[in-house]
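In what comes next, subunit A is part of two complexes: it sits with subunit B in the first one and with subunit C in the second one.
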Partner chain A sequence: MSNLEDKIVQNMGENPAIFGKLLLNNSIEIQSSVFSSDKTEIICISHENLLKTVDFLKHHIETRFDILFSVTASDKFEFFEVIYHLYSSILKHKVIVKTILDKINPEIHSLTGFYQAADWHERETYDLLGIKFLNHPDLRRILLPDDWKGYPLRKNYIMNDERLIWNRR
Partner chain B sequence: MKDLSGTGVRGDLMLTEEMIINIGPQHPSTHGVLRLIINLNGEIIKSTKPVIGYLHRGMEKLAESRSYYQYLPMVDRIDYLSSFFNLASFCYAVESIAELKIPRRAEYIRVITMEFNRISSHLMWLASFLLDLGATSPLFYAFREREEIIKLFENLTGARMMYNYYCFGGVKRDLPEGWIKQAQDLCKKMPKLFDEYEAIITNNPIFLERTKNIGILTPEKGIEYGITGPNLRASGVDMDLRKTNNYSVYNEFDFNSCLAYNGDSYDRYAVRIAEMRESIKIIEQAIEKLPGGSPEKLKIKRANCGCKNENCEYCGYDSQLVAKRVNLVAFKPPKGEATSYVESSRGITLCYVQSDGTQKPYRVKWRTPSFSAVQILPELINNRPYSDLMAIFGSLDVVLPEVDR
Partner chain C sequence: MKIIFTAIDFVYNWARSNSIWPLTFATSCCGIEMISTSAASFDIARFGAEVFRATPRQADLMITAGTVTHRMAPALVRLYEQMPEPKYVLAMGACAVTGGMFENDSYNVVRGVDRLIPVDVYLPGCPPRPEALLDALIQLQKKIKTETLMERKKYLEQHKPKLKLPDQNSEIMLPMNEMGIFTWGIQPDSYDLNNLELTRKTVGDKCVKFGR
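And now, the complex of A and B:
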């Protein structure tokens, strides 16, 4: 654990990883805490710890992340990255939570228990990237038609669907 | 028979069998192509199922096969009524990856155009909202002023709707000669014109009857669903990224975030009218403080000065338009990721860009405020009479291309 804390401090330079340290101090395991190019803290956690971490971040008095801006994912060839943008309307700060999922049968717990907003955002992620959200109340396609084949935002998606034939005229 | 719905409509006048009605996708009052499947019990809406996706153009997939500069004009089309905000959020995200610091003159021009865009977007909303409620004349009032703003934009960018005016590191060209005078005249005129709208709308008894205490959005519900912008501020939550997030140069201006506390349709109207007045205040301050001053003055001063000093008021960095001319073909931001949060006219537009160090973005994610506004619609209109549907849905200011992307 101490190694990890050293790593965080080195990564940060002058910016202290506030939320990463807070999570460590409350004995919630995180994998790393880095900063994105626009100085927002990114906390990487394992997907088993997601519910625990989000529960902590939503209710702890120093974090109070009460708004979920978006749920999205990115196909990184070897794995999927699921990305949550959180914001606190009370303390006016923001954080990004990231988890990593396997390429085969990607499944993760749904956040609909914490944020109603997660409902449609998770449906969108399921629609475009095919990530299954467990315990989601209504996991259907949202933007694409129900009978669409494949998940377009995956990098191995082949764009030769017969319904796209008008595009090649 | 007792009152089943709690809305004061007598139960014995209602039909007992529920009826399913399909509204849209092509329907004039859905502001685009939204489909609603509504379960009616007499006049009362029992359940609602919004169906979206009819305008899905795959904006996120298109980004992956285009270079950054090829994708830039497409960004306008995400929300055609407030193009500048989309451009700004994509530019801010890419700029923070590429670590381009924007000159202050470009930032000021961005703020001026964004605030004008906010007014024109709110005017469009005002026109269509009151048209939904059956009032025709506000449309002509609102379009009269919107036309003047659009003419300003046409003068500046050459386009009336899809501006494509910002580029990475700044803006594409300077203000044309005489533009500042036109903008100042318009700013002087605007508050009186807003008074005109208020004179015909605000105390109109029919308008009050149809919007007061209708579609009440509690702050807890709004936050739970991720509603942002004027819709949330009408419920009394003070969340304005221009105040707290300090993107661009908003911290240099004196303005208030407009709040109302009931969260009904009327409050959403009141907040937007107040926001237009605040935008005028910001534009006036921005024009006054514009680094380098008017383009005519800047041209002469720069020719006379020619000192090439970094801190010079006229030929220094801050009075430039673009930070660094980037090569349009070979523009490659380094590996990294960034999110930009922009307070657009409808709420918070979030653009998340992942770059893998090549010419094309690896992943672009758009989070748009209207998406959440459509999601909360069933909460607001269930157990209300059918006639309230448009009074509630119209007040949320949903633009469908933005929902579907």
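And now, the complex of A and C:
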């Protein structure tokens, strides 16, 4: 896992950016904090610190991220990356929070306690990538049929379901 | 006898073909063209098809406007089953004809609604213009005008939803789960392709039994 983290922290600048600095000052560990090409800050954290970080970002007076407008994930061959987009309607700024998950048993805490919007986004992420969200109220498939086999957006997904032979090309 | 039937057919088909009530079934962007066709500038009411019904029980024509996914497929088939005879299907757009741009490598798109239900008129385009939809409607009207009451049974046979396996010539019907509600493409694990005992009758009986 440490090697993977090294790969992720490749772009870490000399100094952490605004929110990263704020988190570090309040003794919350982050792995990196950089600006993307469109000047949005990207904070990488470990998945154990997710709830603490999001709690801070939502309630602190200088951040106040009250809107979660996307939860998604990405298969990077060696690990999964879960990506949260946060926006503050009060202070008009946004941030991207990324976490790394293990490929073998990807599990992460759900954010439904903080944001109701996380409910369906996390269901979709579970549906397409098979990432399990702990403490989610209703974690089942949302876009695909309930007894679908496999998770289609994983890189090693092969569709070989015999039941769908009528739909072969 | 035949002369009488021809006269009756003429009146019957004239009445039917000039009042085709479509079902409101728009699954993606082709639906916008369908709405535009029914609106003032193109005015599908000129052909007697302006009454878009929100219930399948009052509809004659199903315009499958858009992509059909696996999740949507059971609902599509159930809507088709609920439509009264005589019923017609117009596959509108590339996605409904062959799967369109999802035909090559998609995991969840049905490659053409004709794998689920019989289609009368195919209308390619991505999406087709409203004029094209009107043309397809006129084609369907022409088709209706050629039908006769003498061969009614033959048409009823054609109107059953069916599947074809690529390696078998036999037509198979919908597999069913325990609840009697068929779910297309998402059958239980025990379903064996070589030993299919699926007939139209069982589906029909179950449907009656469950009040549909």
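Throughout what follows, the second predicted complex is superposed on the first by the 142 of 169 C-alpha atoms of A that agree within 3 Å, B and C clash if a C-alpha of one lies under 4 Å from a C-alpha of the other, contacts with A are read in each partner's own complex, and residues count from 1 in each chain.
To be clear about the criterion, contacts are C-beta pairs under 8 Å (C-beta built on N, C-alpha and C of every residue); 3 or more make two chains touch, one makes a residue touch a chain.
Computed from a prediction, not measured in an experiment: that's the story for all the values here.
Asks: Look at A:Leu143 in the shared chain and tell me whether it touches subunit B only, subunit C only, both, or neither; answer first, second, both or neither.
Replies: both
Asks: May I ask you to decide whether A:Tyr115 touches subunit B, subunit C, both, or neither, giving the answer as first, second, both or neither?
Replies: First partner only.
Asks: Please work out whether A:Phe35 is in contact with subunit B alone, subunit C alone, both, or neither, and reply first, second, both or neither.
Replies: Neither partner.
Asks: Is A:Phe56 in contact with subunit B, with subunit C, with both, or with neither (first, second, both, neither)?
Replies: neither
Asks: Quick one: is A:Pro152 in contact with subunit B, with subunit C, with both, or with neither? Answer first, second, both or neither.
Replies: both
Asks: Of subunit B and subunit C, which one touches more of subunit A's residues?
Replies: Comparing subunit B with subunit C, the partner touching more subunit A residues is B.
Asks: Determine where on subunit A the residues touched by subunit B overlap those touched by subunit C, and list them.
Replies: Dual-contact residues (subunit A): 143-145, 152.
Asks: Show me the residue ranges of subunit C that touch subunit A in the complex, using the header's touch definition.
Replies: Counting only subunit C, the residues touching subunit A are 69-71, 103-104, 107-108, 110-111, 115, 163-166, 183, 185-189, 191, 193.
Asks: Considering only the defined contacts, which subunit A positions touch subunit B in the complex?
Replies: Against subunit B, the touching part of subunit A is residues 36-38, 40, 66-70, 72, 74-75, 83, 85, 89, 92, 94, 96, 115-117, 119-121, 128, 142-145, 152-153.
Asks: Mind listing the subunit A positions that touch subunit C in their complex?
Replies: Touching subunit C: residues 143-148, 152, 157, 159, 162-169 of subunit A.
Asks: Which of the residues in subunit B end up touching subunit A in this complex?
Replies: Per the stated touch rule, the residues are 52-53, 56, 58, 60-61, 92-93, 96-97, 99, 223-226, 228, 237, 239, 244-245, 336-341, 348, 350, 352, 354, 362-363, 365, 367, 371-372, 375, 404-405.
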